[in-house]
């Protein structure tokens, strides 16, 4: 039961993007197309899960003073693995995500989970937590990618959906569009969960 | 010769509405039946009563005094019997211990009231003592005890006395009529003040919308080499003392400092006239000129009213209300106090009773600030009223203080000018109160 | 000289790290509530950025390139060096200048996990800068970061008095403002091709 | 008469009779000559565009206020000014649906997300225009010549891309390609002077903005007169850089604003990728305004510098 | 294999080097920090409300560690937190103080009172109170402009029918509303107290009668009826001694003006 | 073990293990990555040199390539041209016929232009305009070649890059023994 709870919380209640505002850089930078968002999400998921597990395993052997450097090295190692792997098997996507793959290293989400969760909890919970967080991150990025791709290019995952006469709204695949889309989405999510909680507290 | 007109930075040009009363001569109000004389009509320590219920008193008799330095005695304005001492509202909005005297209609004058002799034979000390005993406070609105003002610490060198005849408040014409009808009293008072603080330079500042007052004063001072006049541009708040000093002498009184720090004493022309009375007749401050005006008054007038007369009676003598009254204000529309009852008595600081019709009484709905900065432009102190008011609204006292809230003189120019009708000075007042309360509790 | 100035301006404005390159968004959202605080954060970041740029240059040119390790040890070595450096600076600062530590030091731990720093380091080999260019690049990036942080903080302080819709309060409105600012920074594009 | 009915409030008890609506109406009046000229030059379509931006602005404002349960404040006229100014900055051939988007974005993103009138940081009309420009760059840069309606280019475009300089007289009367309301310098100047006369705007911003541009272009060897007369500069300097909501409240701050905007304008026009810089210069300085306000507080009365 | 060895060696050396550097630096530049500060911070509620008088929880924590602030200085955390903090500091606290909450001691709703004048000004009790002590017919009652509502960080106050009402379950007794109320009509009352004299007026009976229908007129019926000698009229107003009061509710029944309030709902449950 | 030495050992181990893992991963993926890069390059070169079937990189320089047809005859020169665009650098592969001194093709390898605007330099109609143009041409946008509407700057940038890099490439080609 607890396993399930640790997993589920990352999907919505503690969603990294919409609730905790972590990992904002890739969230904004690579979501100009749905596929990029998805790929970035999955890469992050991979790194998050691997490093959380490793850190949960080795946490007791690491002295406090070198905790952060060690964690970061672990994370960076997995990021490099992911990068090399993608370069070998998905070169196009690797090229688009570019600089933001190495930046997974410093994604606050990963170090944040390592510090706050993995370093205090048993391996199995750390795994579930990482999975939940990663999946939450992935769907958020994919959603953002879909919205921006539809508006900015008229397609979803590269498939035309808006018809030939559609004039693309270029701003949505440019930096300002990223900020604006995420801002509005965040507002919508807040409005939603606000209603929920206030209803709940009435009873 | 064309006069140079003096002025300062900032300020506003409200509709002056002085035409209602500016050419109406002073009239003596009917003596009241019952007077309510608050024991505190000034800034400083309240008086203790020295009469009790049932005592007989005469006009000019001292009925309250205090040991404190910053305080002045009060006197009976009628002859009659003390009925009671009760908590009673005053026009400043607070409740104060008040001596209630029922007049016996005999108008007997107390024997202490007698001329003090030739001013040339009086010493500075004696003049100041006379002023204190006469219960004279500033008549310009702040009612600060005048004898205190005239006893600056020795290290402050005073070189100039300025008489404030600006009367920049809209509607009010009491100083104006005083200067037109009794310029000699004003000048006499000025000379007494000059003697008291031992200087030989006196300036009377008058706004240029009172040409007749300027003319009459000029006539009197023509052969007084030590006294000059200064014609001021008509602008609110020209009469605020720091603005006045700046306009006339170019000296700027630093924030938090007093006029005496730049070697100047400022007194209202009414104060000077009261000083003249106290020396020439020995009469303490028991009556004052009150401008009764506004679109809610049938017959706007300038009345000489006994201290303690309820507003109600004064209003009745001016023909009562025309239409439904909305607001009754003690003082002018810019700085005066709105009253919730017309039972309140005229006190030493009551320069006017302004009645506004119901239709004009409510303020307009507040809109969002559009940051037009008109409030900034008009603030005579150079504050950012909008910022301070915002901080006040958000209960951010420290920030407000950092924006110099405490130096606001509450002139109301900012609220007046704001096109969004925001209650700026009202909010600033609030935050000032809170800052001071916090300071005190420390 | 002119090139260096252009490089500086270009990094600070035209390719502003936060608003155009999306680096360091987390602190941009989190530490932009008060002008003083964000100025402190900006100063600390600028310092670390310049330092990291130099460190990255040395690692790249004296370790990774000579031994052909660049492709797979770059990330690990950069981040290890940066995080250790930051921690070192923090420890030293605390002792040597407690007042400076109070002003800037409290931000240092935040900075390690900030994309802007690692992103900056990774740009050094990509751009093939020499040592001086690298440090100017770091400085410019830091100044640009500070600039956007401080502008945002100024705006957010102003918004304290605004009736912002509740769901947008905080991060939402900050992102929307960032969107507008980012539109404005696009205006600088084409200014200095980088 | 019952004392209970007396109204009590703290002073002052009188208020000036100017109000927000009057100020906004004054702006509209000041814009009328240039607006009429724009319609004359670019035809009926431009009138439709103006009406579209105005209505979509107003409707957006109402929707936001309805949803948020705030009082509907159409009466203050600020939405009208925004809609009109937005329309005036659009090309006369723009598809109507884009004009609608412009109105919605101006008021929505530019104004209502900040809470409405007076609380926005950026000039709403310019936010709308910037959005459209980035979103539909092609449609937003299609210009026609006045009267004949043939496709043409703006003077600044001609200068930047082809090095051709339009003559002063055409620039003055507005016989050039450009946005609906930006072409006629004389009429805009007239409106600006009217605003100055009505004390609706502070002279410091237009003066320092235009002055900086004059000096800077002179300094770098460009034709200052041409730069002053072309593009949306007059519209921007008198009607947009002066929007009190988004500009500094201190006098010193207004100097800083104008000078800063001037520098940015020249840099963008001369060295940047875009031919025109009014939009960006004003928006950028809007963003800096809170900081400018903060650091340009003047000394208070009698305060001595420390 | 070459590359593998180089990379292992160089990474290993780098790691070791930095560890040595860090170890050296942290020894050489060691600064004494009171470890208790962090511990205290971690048990504080983290509301950063400032009710303790320090700017934020962390500052309070360091003040406690230095001995400048009492361990029970956090009103929000209450006894529970005070105990934990005291544990960390190694001192005892007397925690048998009963929980208190803030209450508005006034029932002068719009229907019970009238107005002295038409107030036209900013919606702030402090501003209104400056004008003839407020527009309410009673000079002591709650003005209902909600200054307390704005100041409460816990959303515990609401204005209902023209007077403030505090939700006992949300109130943390931080006391901010008490400080801010210009009418001093808010008071701390034990949470379990069910009988309260709900009037603040020190006016004479006649004046009270003319201004409020539920005001205490000082008739002393309650004083005479209380079997525990727990209620007394002083300054024209009845006051309950909460130490003696047993919440029996007799006084509330006797009061002719209903100015004594009794929480019947809790009684039933009890 | 005391604290300090433990710190050192731990960080040493962490570093070493990471180095090992990464080096091994790299060994494993390197050939694939290289192959991808090769094939991309090949595709670009053969695209801009339509007559070529194979190519050779000119000695120790990864910027110049010589194309050969089936018979091993040299059919043209391909080179990488780089320069500033509207937002960032544009990288192109350009092919030319060195004997006839005309371009045979151009393709964009990477760029940062605005999607839908400057990014249209990738579109065929735009790229194809340069085929068969003499290398002496000025390629002035709107005169010699059609510019992209609303993206004159990007169009000009492409032209300028070509104009600047063609002589350089030819020079390098000739100094290295080309004809």
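Every chain is named by a letter (A, B, C, D, E and F) in the order it is written, and numbering of its residues begins at 1.
Following the convention adopted for this analysis, a residue touches a chain if its C-beta (ideal position, glycine included) is under 8 Å from a C-beta of that chain, and two chains touch if they have at least 3 such contacts.
This one's a predicted model, so the numbers in the text were calculated from it and none came from an experiment.
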Number of steps on the shortest touching-chain route linking subunit B and subunit E: 1
Shortest path length from subunit C to subunit E (each step joins two touching chains): 1
Chain located farthest away, centre of subunit A as origin (C-alpha): B
Euclidean distance of C-alpha centroids - subunit C vs subunit F, Å: 31
Chain centre separation in whole Å, for subunit C relative to subunit B (CA means): 60
Chain centre separation (subunit A, subunit C; CA means) in Å: 21
Touching two or more other chains - residue numbers and ranges from subunit B: 338, 340-341, 361-363, 368, 426, 429
Residues of subunit A engaged with two or more neighbouring chains: 65-66, 69, 73, 76-77, 80, 84, 170-171, 174, 176, 180
For subunit D, residues contacting two or more additional chains: 3, 5-10, 109, 115-116, 119, 131, 134, 137, 273
Overall pattern in which the protein chains touch one another (line/ring/star/complete/other): other
Those chain pairs that satisfy the touch definition: A-C, A-D, A-E, A-F, B-C, B-D, B-E, C-D, C-E, C-F, D-E, D-F, E-F
Complex interface listing, subunit A residues touching subunit F: 32, 61-63, 65-66, 69-70, 73-74, 76-77, 80-81, 84-85, 87-89, 91, 152-153, 168, 170, 173-174
Partner subunit E, residues of subunit A touching it in the complex: 65-66, 69, 73
Subunit A contact footprint on subunit D (complex, rising order): 109, 131, 134-137, 139
In the complex with subunit D, residue positions of subunit F that touch it: 86, 114, 116-117, 149-150, 152-153
Subunit C to subunit F touching residues, read off their complex: 71-73, 76, 80, 189-190, 193-194
